[in-house]
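These notes open a run of structures that come right after.
Each of the next two complexes has subunit A plus one other chain: subunit B in the first, subunit C in the second.
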Partner chain A sequence: MVIRNGLMASFTYRAHMVFQILGSVVGIVVLWFLWSAIYAAAGTTTVRGMSFGQTFLYVGLATALFVMMRTWIEWDMNAQIRTGDIVVHFFRPYSYTGWSLASSLGFVAGNLITITVPSLVTIFLIFHAPLPPWINVVLFIPALVQAYLLSFLIDFAVGVTAFHTESIWGVSASKESVVLFLSGGLVPLAFFPDPMRSVLLVLPFASMFNTPIALLAGGITDLGQIAGRLALQTFWVVVFWLAVRWYYRASVKRLTVAGG
Partner chain B sequence: MTSNTVQDSIIVLEDLKKHFKVLNRSEGLAGAFRDLFSRNFRTVKAVDGVSLSIRPGEIVGFLGPNGAGKSTTIKMMTGVLEPTSGSLLVNGKIPTKQRQEYVRNIGVVFGQRTQLWWELPVIESFKLMKEIFRIPQAEYEANLALFDKLVNLSALYGQQVRNLSLGQRMLCDIAASFLHNPAIIFLDEPTIGLDVAIKAQIRTIIRTLNRERGTTILLTTHDIGDVEALCQRIILIDHGKTIYDGAIGQFTKMFGSWRTVKLLAQEGKKDELDAALSTIGERFAGTRPETLEGEVGWSAVAVDQDQTPATDVLAWALSSLPVQDVKLEEIRTETVIAQVYAGALK
Partner chain C sequence: MKSLFFYTRLYLLLVGKYLQARMQYRADFLISTAGMILGNVAAIGAVWVVFRTIPNLAGYTYPQVIFLYAFALLALTPMQLFFDNLWSLRMATNQGTFIKYYFKPLPTLFYFVSETLDLKGFGLLAFGLGAFVWASGQLGIQWTPVRIVLLPLLLGGGSLIFISLMTIAASATFWVKDSFAILAFVSGFRDHARYPMGIYNSFFQFLFTWVVPVGYVAYYPAQFYLTDTVPDWTAWVSPLFAAALFALAVWIWNRGTRRWGGTGS
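Presenting the complex of A and B:
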């Protein structure tokens, strides 16, 4: 119900929706030209073992995922916490975290329709990117769900900082750039120097973008390796969930004891 | 209070306190910088030992000037703030413990905030409440039918909340808080900034639901019209302490020696009359000018007859002010409350 309402709410702004669809398609086209130019300048057909086609598929998918998972939930929380409207949720028999997750999912559903699907259509149909093996497509789904959960938990934690700061702009902007860069959301992790890459692969950020994308772009096909990456994702989801729950409770406790 | 009344009560507060620590701010830029490291706190006693008990089915007006501690008390009763000390039992539960279970049986409306989904039609928020509070279909439909009968609410169901007027939104917000038939409803300033017609509708909805469902209602307001239309009992709070708790009629009787003298200005001389009345307190002991709403052309003065006979004021007004008509009336509740805020009971 909350998910459905979130989706309906995002459809309220019709012009915004149309521009989102257009914007995502234009974004993919820009990426194509950007990376064509980079490959032309490099003068080789493969850079660090990745052909132009693979790289384009990778960054295209990264963009599609990034915009899909971006639900601005932290900004909703920021507004609610600053105005005090968050108390309305305290008068209802549910947990605020659960509510946020549901409304964020509503926006993801909206993003899926207005951004992700047009992007994927553009990537696979217009630019004829190679399709991955079917087993990868199947395993992409749990990888995507876990990646989304991680993304949500990080956003929620950023939102909770609004209890302590005047504006979450700084925290949110830093989070966005750190996550995008270290997760391989901006540049494929394959392009990083080897020692750095092996560290990044273990960090939670890789679980957000690199893992689901590598599955769909056909970067990893070994089943054991895939299972390992999925387990690592699960591990990070659990760790973040516990940490965020503790952080949220401590922040609310501070509010109820000290007053707001 | 006897243990018997405590058992019959749905809300019981005993010596409830809420103290906040506030940083003492220094002046200027250098001061602002020093404050970053300052440990110079002072304690603000927002609520300082409030005791009261409310029986099921009562409508109680919770009054007091701004900053008196009303909102803090309401926030503790609704489980948003944890008391510093004292005990608080609502519906047999401690609000901050088992919050989710506690809120199933209360409704809360803060006049300044909305619980409705901003971008969606009103009915979607109602359906959401039905889901969240697991309201049985029959109960939900019965309530919708009742709202419709009382204030023709179904006309608003299809409209997006962001397109509603403040009064329409408030009606919907109050209706939403009654949807799950809670035992208690907390209404914080439900009629603030609304026009007379909507105020009347809101009072109708509150009064009817209190009567038909036996809902206990605690209402904070600055509008004496709300109090007179709805409450049998008022609780006055100031500086974090209760200064009056009892029937509204009795409260007014404590000011039995007071009268309201109403004066109608001669054509075009209203300003002149008001100017003369504004300093009446200096001329006669125990008098003060009043503002009247909805009585065009009339000005008023409150007079304490223990200090000055109202006839003295009348004689003076008729002989030296541009007056064409007079009325002598009982003291208005509004005036009494203003008197109390100004310190009459201390």
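Presenting the complex of A and C:
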């Protein structure tokens, strides 16, 4: 039900959808030119062990995943906390976190149809990106789910900051930049200088973009390595879940709603 | 036509009221500025990482690419500072509050945008200036009197190009229900204006020169500083082009405001 509502909301305006699709297609074409120029400048077929096809697939997927996981849930929370409407959820027999997750999932479904799928079609059909081995495609699904959970938990934490500060815009924008850069969402982690890359691979950010994307873009093929990356994802999801739950409970205690 | 002095005084008055209201959220200002700057740190970080593996991009060295980036950032700052209210136009028209702008003997566009001065823009300005000075130093740009005199003109032209595009995009709300996606679409071209034009094929170069002319925001005018030869016409026309585009934007805005008929309540 809640998922369906979120989905319907993202379909309300057709012009909105057309421009969103157009925007992501132009974005991907620009990425193609940019990385073509980078590979032309490098003068070799592979840079840091990645072919142009792999890199382009990587950055294209990163953009597609980024827009898919961007569900603006922190803004919904901000509005509910600001107006006090959030209390309605306290009287209902479900957890607010679960409710937020469900409505964010609805948005993910909408994004998937309007943004992610057209992007993927553009990448694979028009630009002939190489297809990964099937085992990677299968394992991509749990990796994507865990990446999304992590992204949701971080967004939820940003939403909770609305209990403490007026500036959710600043917190949200900072989060976006830090996550995109450190997760290899802007430039594949393979391009980073060595000591930096080793550190970034262990940090939670890599679990959000680099892990699922590397599965499809062929960065990792060894099964043991894949299992390790998936386990690391699970570890970070659990850590963030515990941290966010604690943060949320501590913050709710501060809440006083006018006229309550 | 009232004098420039009149409008300046009025602008300061209106913006002053807005700032007074914002002053209660001082933490918001700091965190938002940090957020704005971090976005640019990440973008420059990405350029830095890429340049660990290549010597140049379409013939542009690392400091040249940073120079382009900084030029674009400085040109885009006025949009952020003075025209940020365009993003909320769709709320004002959909909820009907836009009607109040008709009741003053002032151009509606002027009245509407002078209600906010986005303080986050000052963070951009500081960061852009820093990057600009750094890249100029690295490139050893000769600051001849001509280059100095042209700089505000070229930056102003670049600014006005983007402001006009965003004004046109926001005006779409007078015809369609929600212009957010159109605004976001046009706003996305901001990022494409930062790369050397040489990376694009002729179709996209044409697109960025004539259709969505973001090439004039930074790339074309920056040629004055990146080459020592006299650049071709594209570098010269940006201020003229900007003035023409702004006139078009104001015309579309005015058509839109005449067309919009309130919410019926």
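Basically, the second predicted complex is superposed on the first by the 255 of 260 C-alpha atoms of A that agree within 3 Å, B and C clash if a C-alpha of one lies under 4 Å from a C-alpha of the other, contacts with A are read in each partner's own complex, and residues count from 1 in each chain.
Heads up, the rule we're going with is that contacts are C-beta pairs under 8 Å (C-beta built on N, C-alpha and C of every residue); 3 or more make two chains touch, one makes a residue touch a chain.
No experiment lies behind these values; they were computed from the predicted model shown.
*Asks:* Which partner does A:Asp85 contact after superposing on A: first (subunit B), second (subunit C), both, neither?
*Replies:* Only subunit B; A:Asp85 stays clear of subunit C.
*Asks:* Is A:Phe235 touching the first partner subunit B, the second partner subunit C, both, or neither of them?
*Replies:* neither
*Asks:* Contact-wise, after the overlay, does A:Tyr94 reach subunit B, subunit C, both or neither (first, second, both, neither)?
*Replies:* It touches subunit B, and subunit C stays clear.
*Asks:* So, A:Ser174: does it touch subunit B (first), subunit C (second), both, or neither?
*Replies:* Second partner only, subunit C.
*Asks:* In the superposed arrangement, does subunit B or subunit C reach more residues of subunit A?
*Replies:* Looking at subunit B versus subunit C, the one contacting more residues of subunit A is C.
*Asks:* Kindly classify A:Trp246 by the partners it touches after superposition: subunit B alone (first), subunit C alone (second), both, or neither?
*Replies:* So A:Trp246 meets neither subunit B nor subunit C here.
*Asks:* Applying the document's definition of touch, where does A:Ala41 land relative to subunit B and subunit C: first, second, both, or neither?
*Replies:* Touch partner of A:Ala41: subunit C, not subunit B.
*Asks:* So subunit A touches subunit B in one structure and subunit C in the other; where do those two contact lists coincide?
*Replies:* Residues 13, which sit in both footprints.
*Asks:* Note which residues of subunit C are touching subunit A in the complex, please.
*Replies:* 25, 27-36, 38-39, 41-43, 45-46, 49-50, 52-58, 176-178, 180-182, 184-185, 188, 191-192, 195-196, 198-201, 204
*Asks:* Okay, in this complex, where on subunit A does subunit B touch?
*Replies:* Counting only subunit A, the residues touching subunit B are 1-2, 5, 8-9, 12-13, 83-85, 87-88, 90-95, 256-259.
*Asks:* Across the complex, what residues on subunit A touch subunit C?
*Replies:* Touching subunit C from subunit A are residues 13, 15-20, 22-23, 26-27, 29-30, 33-34, 36-38, 40-42, 47-48, 165-167, 169-174, 176-178, 180-181, 186-187, 191-193.
*Asks:* Using the touch definition up top, name the residues of subunit B that touch subunit A in the complex.
*Replies:* Touch residues, subunit B against subunit A: 18, 20-21, 46, 72, 75, 78-82, 96, 99-101, 103-104, 106-108, 110, 113-115, 117-120, 124, 127-128, 131-133, 160.
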